[in-house]
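In the two complexes below, subunit A is the common chain; its partner is subunit B in one and subunit C in the other.
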Partner chain A sequence: MSVVNDQIKLEEETLIPANRIFDLAKRLLKNKGAVLGLFIIVLLFLSAIFAPLIAPYSYQAQSLSKMLRPPGQGHILGTDEFGRDMFSRIVYGSRISLLVGFVTVGISLVIGVVLGALAGYYGGLLDYIISGLTDIAWSFPRNLLAIAFIATLGPGLLSVMLAVALISWAGFARLIRGQFLSLKEQEFVEAARVLGMSDFRIIFRHIIPNALAPIIVLTTLEVPKAIIVEASLSFLGLGAQPPTPSWGSIMSSGRSYIAMAPWVVIFPGLMVMIVVLGFNLFGDALRDSLDPRLRD
Partner chain B sequence: MLFYLIKRIISKIPILFGMTIIVFLILHLAPGDPVDMIVGPNVTPEVYQNIRTQLGLDKPLIVQYFKFLANIFQGNLGESILQGRPVLEIIKERIPVTFTLGITILIISFGLAIPAGIIAAINRNTWKDYLCMSGALLGMSMPTFWFGLLLLYFFAYKLRLFPISGYGTWKHLVLPALAMGLTDAAITARMVRSSMLEIIRQDYIRTARSKGLARQVIIYQHALKNALIPIITLLGMKIGWVLGGSVFLEVIFSRPGIGRLMINAIFARDYPVVQGAMLVLTTSIILGNMLADLLYAVIDPRIRFD
Partner chain C sequence: MGDNLLEVKNLKVYFPVKGKLFPTVVANVRAVDGISFKIKRGETLALVGESGCGKSTTGKAILRMIEPKEGQVFFEGNNILAYDRKKLKALRREMQLVFQDPYASLNPRMAVGDILNEVLFVHRLGNSPQRKARTLELLEMVGLTSRYLARYPHELSGGQRQRVVIARALAVNPKFLVCDEPVSALDVSIQAQIISLLEELQQRLNLTYLFIAHDLSVVKYVSNRVAVMYLGKIIELAEGEELYRNPCHPYTKALLSAIPLCDPDADSAKILLVGELPSPENPPRGCRFNTRCDRVKEECLVNEPVDQAIGHNHQVACHLYHGNGLK
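Presenting the complex of A and B:
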């Protein structure tokens, strides 16, 4: 019974206390970059959730009499080559960006945590094999590797999500392995082991909660990268296919009309930039708040 | 130094093999039958079987991989389905286009980033530093292809200062090179700044300062030399980044490079060309990394005299 009590006490001690989260939030709110970044992210979420309420038109409602209309005249951001409202398409496009950003980072996070934890916790031959694989994946240029995967899977949004997930896990695996290597030598892990806890419990209840800060920072900084890769691949025609309104695919189809209707390309690209900037500002501020030594 | 170089070269071997496996699997993991993909479904069973045997597809996958590897070592990357010519020949024609762009991007990027990073570091927390850091954040957030489209619109369509597309003169090179060179310079400047800041805090810089050495001497002879070491590593990494990014620029500016060839081949399902282009691009990246390792060893005496 006392062993169980000791276990509970140890787990309570190793978890991040609520006042630390409150301190972190206070520090973040003092940082102008973090506030701006958070504001952009919240706006993006709201736009994705309430797209049908915000968008004045359906994203696929065509009107050939309104083709390539400049901003104004009932269409705040103009219309595209099929007379579709650009504002509505951009609002719906936020759904694709968020979906790709979070789903792909979620998948790569799971792969990275599992592989990184196995390598860092158990070491030995397993570490050697996993680290070798991670180094190989890490050495490939992201865009080329993503294109290689899509060449295999065929163009489409699902292919892009899988490709981006498969090119992003190595960063997580490296980070988590490093965290495990240092944390597994700590006294609280020794104590958990002495109390007879299973490896699974030690990894998920004791080590991972203590490695959460850098994982959260990396996640925040990986989401914008995924959004840019999706937009770039969709721009090449390898990602979301028409009429799905991904920001990259809107630019892809609008590219041929750039000379007479630059708004078809300017606004979706601007959205990608603002959203990525928002995540980068928030991610940078989060990293600085969690570890001021990394500020430079 | 020799030991270091051998170690670095050996460390690249698994990466090279990993790359060949991925490139090999592009054709074999693609949905559908490879023969159908190459000749279409409307062929007689005899022709189908002949092509299957010709391509070695009737052999086990591992045998096929080693044959693929042996062909690569003999410089045989197969034949383009679309053009009916050897893939290597097609790629060779396009190498100068891609490499000229890549090298120009690196020159612009590092040419701007090194002075900007140094200025930001030695003027920390001043407007120069903030300008450099804001530029870096914008550069990191801006999709390169979008910046390329903006340059194309303003400088080619509106101001008519540069050609809209094509290849051949220096004017064709300016916009695509600036599109990536400028965005990349912003990111690189941030790293140069970090590297310089770290060096400036070292004891030997304090010693140099206390000896009364001129600020310029301290910055250029003591700090910059050491700050350059991580920047060289960055150069090696950038080669991959630039070659990967040039794919988009070649598409936007209709430059007949390897990247555009590869994208067109993906849509045409010309798999031998996709594999060949991917192989050449990734091998160049690995060779670029090796070159950076070599430079690293030449510049850093701790490695040179090891």
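Presenting the complex of A and C:
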């Protein structure tokens, strides 16, 4: 036994500090992609929260004398067909994108976790039914299904959020079911069962924490997807209604002037791209640092 | 019952094989096919056999992690296979399992302290400060210190993890432990430490072990009695010393001859088993060992041998030992 104790003492010298969140933050900051992604996301949040302070003009103040001005001269990003300041509209547009992105992913995450966990943990007939539903939801093209939902719900931002949530839960449900199927066979889950723990505790304390990394990665991939779907639905006139400044609807109204005033289409499009990139970069880095087995 | 802590009677565990086209049962894998044994309070019974012989399944069925098809398991005189959910949870405090692979049997996202504390919490064993004290006590019991409370399993070595697994099993103060190949995933140097830890704990806490292993050399040091399993049946059961001195079943002889000897001059005529373990879905007629036995007789192909006592606490199921143990 003394050999063991010596060994234990030796290892204690090199013990790591146990502050987990601090640890995670430190690892994240080492990753350049994470820093860039985080920077973009923080900027987006700031512009959404402080939009009235940042925007130099109101997003709906029209000025027909300043129609379709190119960038420069008091309007950094130019003006649109009603002479509204593009920069101000884009800043306000970030509110719509964030709202849609997070609310829809929040709803679909809840649906997906509940259904996926039930299917994966209990299996049998329940799994058969839930997996069937998931496959049906999964088999439709996203935008088409969203359009069909909006046709019944009527256009508007709320409809868009519900529609996107109702089509994107299937991805979460599938992922979570798969995670449950493999994790419930793990010995530590068996151990929890032998130790007399309840299904509820096993699901929430032992399985879900171990499935967190892929869930977070999927979430960060779904937020930008939702932003894109919202933009495309608004582009089609099914989402945010004018004068609400959604990046999609700005592009939609600008497309008739694309030859003479390309900035009306380019800048909102660029914003969509940058935001999607930011979320993806951050999500990937978060996955790497959240997994204790991948540390250092 | 007397001093038997655990008695297993004619235990059978079958796994149904379902058809590819229709989910009907087309066959059964007879993982455990009618085994019986008793374990006395405070003793260690080793269950030995090659992979797939049903030894782990036996352990899991005793703990009711797998529902057996037939048979009875008596723990302190009560048939635990008849227990309902509530009684089963209470039973979890009486018998526990030490897993084979300490790398897979600890939740990678929980610190050692949380792993132990959770067990105490689930079974309502004490309030928060009492649980904390008990957690420390458990760590010390398995040779670890308070420094390990905040550590995660991936920060520990295999031996340290197995110590945590043992501490977790002991948290509920069980009387009976099923050790499912507790050292076979560890380095040889660590194996000895874990085995001596298990022995020390047995002495201190008056534990009873069912020690599952595939290797007779490990078993030699820990067990009072040894049961050798082959294809879902116990083919020989004897006291440890007796089995090593006087193995009777041809299969046991083959297993014992596979233990490496330190003496290079020793006569090491190894009995090599040929062929694979037959499928437990369709075991051979007669004696199950007849496809690989070097002393097979005509009778072995027809009749299944029954357990015969051939000495003091020594039983064997083999046609070579008819009557009073003479070949």
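Everything that follows uses one rule, which is that the second predicted complex is superposed on the first by the 245 of 296 C-alpha atoms of A that agree within 3 Å, B and C clash if a C-alpha of one lies under 4 Å from a C-alpha of the other, contacts with A are read in each partner's own complex, and residues count from 1 in each chain.
By definition in this document, a residue touches a chain if its C-beta (ideal position, glycine included) is under 8 Å from a C-beta of that chain, and two chains touch if they have at least 3 such contacts.
Computed from a prediction, not measured in an experiment: that's the story for all the values here.
Of the two partner chains placed by superposition, only subunit B is touched by A:Arg255; subunit C is not. When the two complexes are overlaid on their common chain A, residue A:Ile136 makes contact with subunit B while staying clear of subunit C.
Looking at the shared chain after the overlay, A:Pro209 reaches subunit C, while subunit B stays out of its contact range.
For subunit A, the partner touching the most residues, choosing from subunit B and subunit C, is B. Judged by the touch definition given at the top, the superposed model places A:Ile150 against subunit B, while subunit C stays out of reach.
When the two complexes are overlaid on their common chain A, residue A:Arg27 makes contact with neither subunit B nor subunit C. Once chain A of one complex is fitted onto chain A of the other, the partner contacts of A:Ala191 are limited to subunit C, with no touch recorded for subunit B. By the touch criterion given at the top, residues 1, 3-5, 8, 12, 15-16, 18, 186-188, 190-198, 201, 205-206, 209-210, 212, 292-293 of subunit A touch subunit C in their complex. For subunit C in complex with subunit A, the touching residues are 63, 65, 88-89, 92-93, 96-97, 99-101, 104-111, 118-119, 122-123, 143-145, 147, 150-152, 154-155, 159-160, 165, 168, 172, 193, 196.
The residues of subunit B lying in touch with subunit A in their complex are 14-15, 18-19, 22-23, 25-26, 29-31, 137-138, 140-146, 149-150, 152-153, 157, 193-194, 197-198, 240-241, 243-245, 247-248, 251-252, 262-263, 266-267, 271, 274, 278, 281-282, 285-286, 289. Contact residues of subunit A toward subunit B in the complex are 132, 135-136, 139-145, 147-148, 150-155, 224, 228, 231-232, 235-238, 251, 255, 258-259, 262, 265-266, 269, 272-274, 276-277, 280-281, 284, 296.
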